[in-house]
Amino acid sequence: MTTSGISRRGALRMFGIGALSVAGAGALGACAPSGASTSSNGGDTKSKDFDFTSWSLNEEAAKPSIEKIIKAWEKAEGSRIRAVSYPYNEYLSQLTLKLGGGETTGAVHLDIAWLAAIAQMGKLAELDSTAMKGGYTNVALESGMYDGKQYGLPWNTGSIGVIANSKLLEKAGIKKHPTTIEEFEGALRELKGLGNGIVPYAAATKVAQLKDIFPWMQTFGCTLMDGDEVTIGDDASIDAVTWYKKLHDEKLIASDVDRFDARALFGQGKAAFYDDAIIGKGVTSAQSKDKTLADAMQPMKRPVLRSGDTPQALLWGGVIAIVKGKGQDAATEFALHTTSDRATTTEYFASRALPPSTTVGLSDPKVAQDTFTTEWTEKITDTATGSPFWQFAQNAQIEEAVAKQVQAVLVGKSKPKDAMKKAGEEVAALIRR
Amino acid sequence: MSTAAPPQKAAPRRERAGGRLSNGAFALLLTAPGIALFATIIVYPLVSALFTGFFKQDLRLPGREFVGLENFAYWLDGDFLTILKQTLVFTVGATIVPFVIGFALALALNSGLKGSGFLRGLFLFPWVIPGVVISFLWMWIFNANYGVLNGILMKAGIIEESISWLGQPGTAMLAVIITKTWASFPWMMVMLLAGLQTVPKELHEAASMDGAGSIRRFFAVTWPQVRGVASIVLLLEFIWNFQHFDTIYVLTGGGPAGSTETFATAVYQTAFKGFDIGRATALGGLWMLLLLILVAVYLRITERKGDAR
Amino acid sequence: MTSTTSTPLSGTERLRPHTTSAGRTSRRRIRKDLLRSRIAAWTAVLVIGAFGMLPIYWLLATALSSPEQTFQFPPKLIPTEITFSNFTALAENDQLIKYLVNSLIVASITAVLSVVVATYMGYSFSKFRYRGRRSLMHLVLASQMFPQAVLLVTLYAVFSSFGLLNTYTALVLSFTTFTMPLCVWMLKGIFDTIPDALLEAASIDGASRWRTLHSIVAPLAAPGMIAAGLFAFVRGWNDFIFAVTLADKEKQTLPPGLVSTYIGEFQTAWPELMAASLVVSIPVVIAFMFLQRYLVGGMTAGSVKS
């Protein structure tokens, strides 16, 4: 499709016109369906009442702490906040549909990976001046930016990195965290030697989280993107996938693992390393029988190809964005308060272990005294970067396209070289659309 | 729709006391609410969606660009045949397997076992537990790392290492079909059992006195009686499976490596994860075209058989 | 395939019981036969019963275990530390009750609406002859195979422009897209079994066509209508994608409600999910236990006598 160029495009268009007129194109305009056609609401920006959309508002684990923030705000301001939520996995598509239909207003909780896709719809308010008031850290501010403008107030800023089980490492006689790929591989073999069905590294192998391979590709030297060029398919990316496949074939990583599985394996003491966000500690230790596990969990710098390289990690976090229109002003105030008020962020940290995004919030003793969090920030967040694909609305598709190719390699359907070449082409095609 | 056409022949009875309307008009009046509903919530959305197939359109953004058949070409050059094949494998598999199981159970329960009423009630559970939950339940059972299936198989010494049921192309489709089978066989069983219960006992007795073995009795006595229910059950299940979404979406999301992708999941993922409604509706259009051809062929055949009804 | 639903009087002649006796010699053989079929029946019940019931057992066992136990491998087939906390937690979750009520309301209205509309349509298809009837009938049947996801985008836009989003109406109408065709087909099959002679008799007695339909045909078809309604109910009860898109938290039904409550960003609460699913299914199972004789009677009336 990509090569035959304009003539083919033109021909397809011609055929299409033919087909349409046969189908009675007269009704075309009238029949146009579109999720994005309804005009955006021109409601009262000064209204005290507004909507707050967040996937966490329905989740059993997260609901109470967020509801508390909402209740406190309602009481203080004498306003009403309507809570809206969709399941996490359907959140982006539902939000897109509803924002396009003018259905969503007020404050909107976003994963930083989704910000660009939503910002491109042109319905989010610019928050540059508000953001100045928040005292956010630079990394945090950046996570809420798209195209040089501030669209999201950072709520929690962290990263996805490797967590190690120090007890298991000790058992296998590994004295210090491996720092290079070579050491890492060696450590994995040692751990495998412990037997007992141990999966040394519970790396993601299901499509849903195979994007975890991006930092490894970067570790091998693939930049993912260079300017406008997609670099997936270069030698470094092939090396990374070949390496992943090797780990898979030697059963140093397991198939059919996503984040949930990885946590379960880690919780059972069956995995020594896995990738997770900082919040993973609480979740994993809570579902483990071993009550000492929490103490054994350590953030680890991702091993590098040659010693001296910068360890790779993916920036991760959530922001609150504001939809232009009804309740805009109050929602902005609410978002600012929720993300930067010291007492609020400290309490939120205490109940959910999500690190705050402000300098003041981070230096609060309750946060600063948590060694896991401070170590995490030093070892992982400090060198974390956002994905170059986030700027594209097609981010989810891009990740999935690459993930599917990597998976094809893992299950033996495809060779690393062919798969990465194909992945690169698919990503390039997605970006061009 | 050409329903406004005049009646062809009168209903097989005299119609005096009906009043002013002709039979045909009365018949049409009866269909009117149905047609109105059908037209607004099915036909209109479908037709208008189909037009989108000729455009490049992003779900998130207003405006679109006419691209002719490009979206259709994208599928036909790409995964169309694979998806079609997988859809058929799933549809046929998830229709036949629960049918066989449901039928076997119906036959067994019909042979006068004690407590069959209770059992029948118990089997209603799989039918009314919401579909998504069933999918999560089986996802949990099939889980490669802590699933109960691997646990049992290992304990029994059948396997030595965990099998990644949902992580391999071969077993993933099997797992999806098994899950759908579990959700479907109970209602098929209930229907078939009902059919079986209408077979008079004396027929069986008479047949066996005539010296017919159980297999012969099945085909001579039982089957002709339940053929009607059986074909309804099969037809409905086939139709439902063809557009079935939940099970596959939850269990595998169409993976691994696209090996369980069907029309339903592909359309959904393209439209709602990729925001590309042009391509999504183009695939929907191809699917419907295929269906219409099938229906037309089916009509041709039945019409030729002179089945006037 | 469909001809079986409609062709009248095809198999009945074959069914006349044999009245001749085959003599005493075969009695013993019959008894042996009976024993053999008993054994076969028990085997089938056990094997299929295991397939059918073990997952339910596992659902229950999971619902009764603590989160720590849930993630053990190899799993404990019989939970050692039983906890009811997953069930007691449900009582405090009023949102869940809201989902349940929504589901019951929406699925019931869907069922009633579908059955009413389908009764008229099915009757028309069954008892009248006009041009386009067959095409329409098949279009209705085939429409069940159309991709939901394609409908979804336009339906969303339609409901949005009528201000119907987040209402029961939107859910009911969208569910009707797949329940109505089903009901039309089932009910047509049932009307086919009502002999024309009966309608003729009514007409000779001076009953109007409306009266014939409402007071003679409908009562006869009532079990079938209930059966069709039950099927429509289950389909509506099960739907996920329409429900998640067209309704918000207030009007949300169980499938998306359960998913959004227990399948979160960071964790899947298996035990709680299983406990909740079990509890919300019980009322429907009980209702179905009482209603299933209609399911059986209604459906077979329409199809067996083909």
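Chains here go by letter, A, B and C, matching the order in which they are written, and residues are numbered from 1 within each.
Keep this in mind: contacts are C-beta pairs under 8 Å (C-beta built on N, C-alpha and C of every residue); 3 or more make two chains touch, one makes a residue touch a chain.
Molecules present, by chain and UniProt name: B = Carbohydrate ABC transporter permease.
Everything numeric here is computed off the predicted structure, so don't read it as measured data.
*Asks:* Taking all protein C-alpha atoms shown, work out their mean, then name the chain whose own C-alpha mean is nearest to it.
*Replies:* The most central chain, going by mean C-alpha position, is B.
*Asks:* Using the touch rule stated at the top, which two chains are linked by the largest number of C-beta contacts?
*Replies:* Result: the chain pair B-C has the most contacts.
*Asks:* On a CA-centroid basis, which chain has its centre farthest from chain A's?
*Replies:* Farthest chain from chain A, going by C-alpha centroids: C.
*Asks:* Roughly how far is chain A from chain B, going centre to centre by Cα mean, in whole Å?
*Replies:* Using C-alpha averages as centres, the distance is 36 Å.
*Asks:* Using mean CA coordinates as chain centres, what's the gap between chain A and chain C in Å?
*Replies:* Roughly 39 Å, centre to centre.
*Asks:* How big is the gap, in whole Å, between where the Cα atoms of chain B centre and where those of chain C centre?
*Replies:* The mean C-alpha positions of chain B and chain C differ by 13 Å.
*Asks:* Which chain C residues touch at least two other chains?
*Replies:* Residues 71-73, 153-154, 256, 259, 263, 268 of chain C each touch two or more of the other chains.
*Asks:* Please list all residues of chain A that touch 2 or more other chains.
*Replies:* Expected reply: 33-35, 37, 90, 97, 197, 264, 268, 270.
*Asks:* Can you list the chain B residues in contact with two or more other chains?
*Replies:* Residues 44-45, 48-49, 52, 59, 145-146, 272, 277 of chain B each touch two or more of the other chains.
*Asks:* Quick check: in the complex, which residue numbers of chain A touch chain C?
*Replies:* 33-35, 37-38, 55-62, 83-90, 94, 97, 101-103, 197, 260, 263-264, 267-268, 270, 277, 279-280, 283, 286-289
*Asks:* Which residues of chain A touch chain B once you look at their complex with the stated criterion?
*Replies:* Spelled out, the residues of chain A in touch with chain B are 1, 9, 11-17, 19-20, 23, 27-28, 31-37, 90, 92-93, 96-97, 99-100, 117-118, 120-121, 197, 199, 205-208, 254-257, 261, 264-265, 268, 270, 393-394, 396-397, 400, 404, 407-408, 411, 413-414, 433.
*Asks:* In their complex, what parts of chain B are in touch with chain A?
*Replies:* Contacts found on chain B: 44-45, 47-52, 54, 56-62, 64, 66-70, 73-74, 77-78, 143-146, 161-162, 164-169, 253, 255-258, 272-277.
*Asks:* Would you pull the chain C residues touching chain A in the complex into a rising list?
*Replies:* 67-73, 93, 95, 153-154, 156-157, 160-161, 165, 244-245, 248-249, 256-257, 259-269, 272
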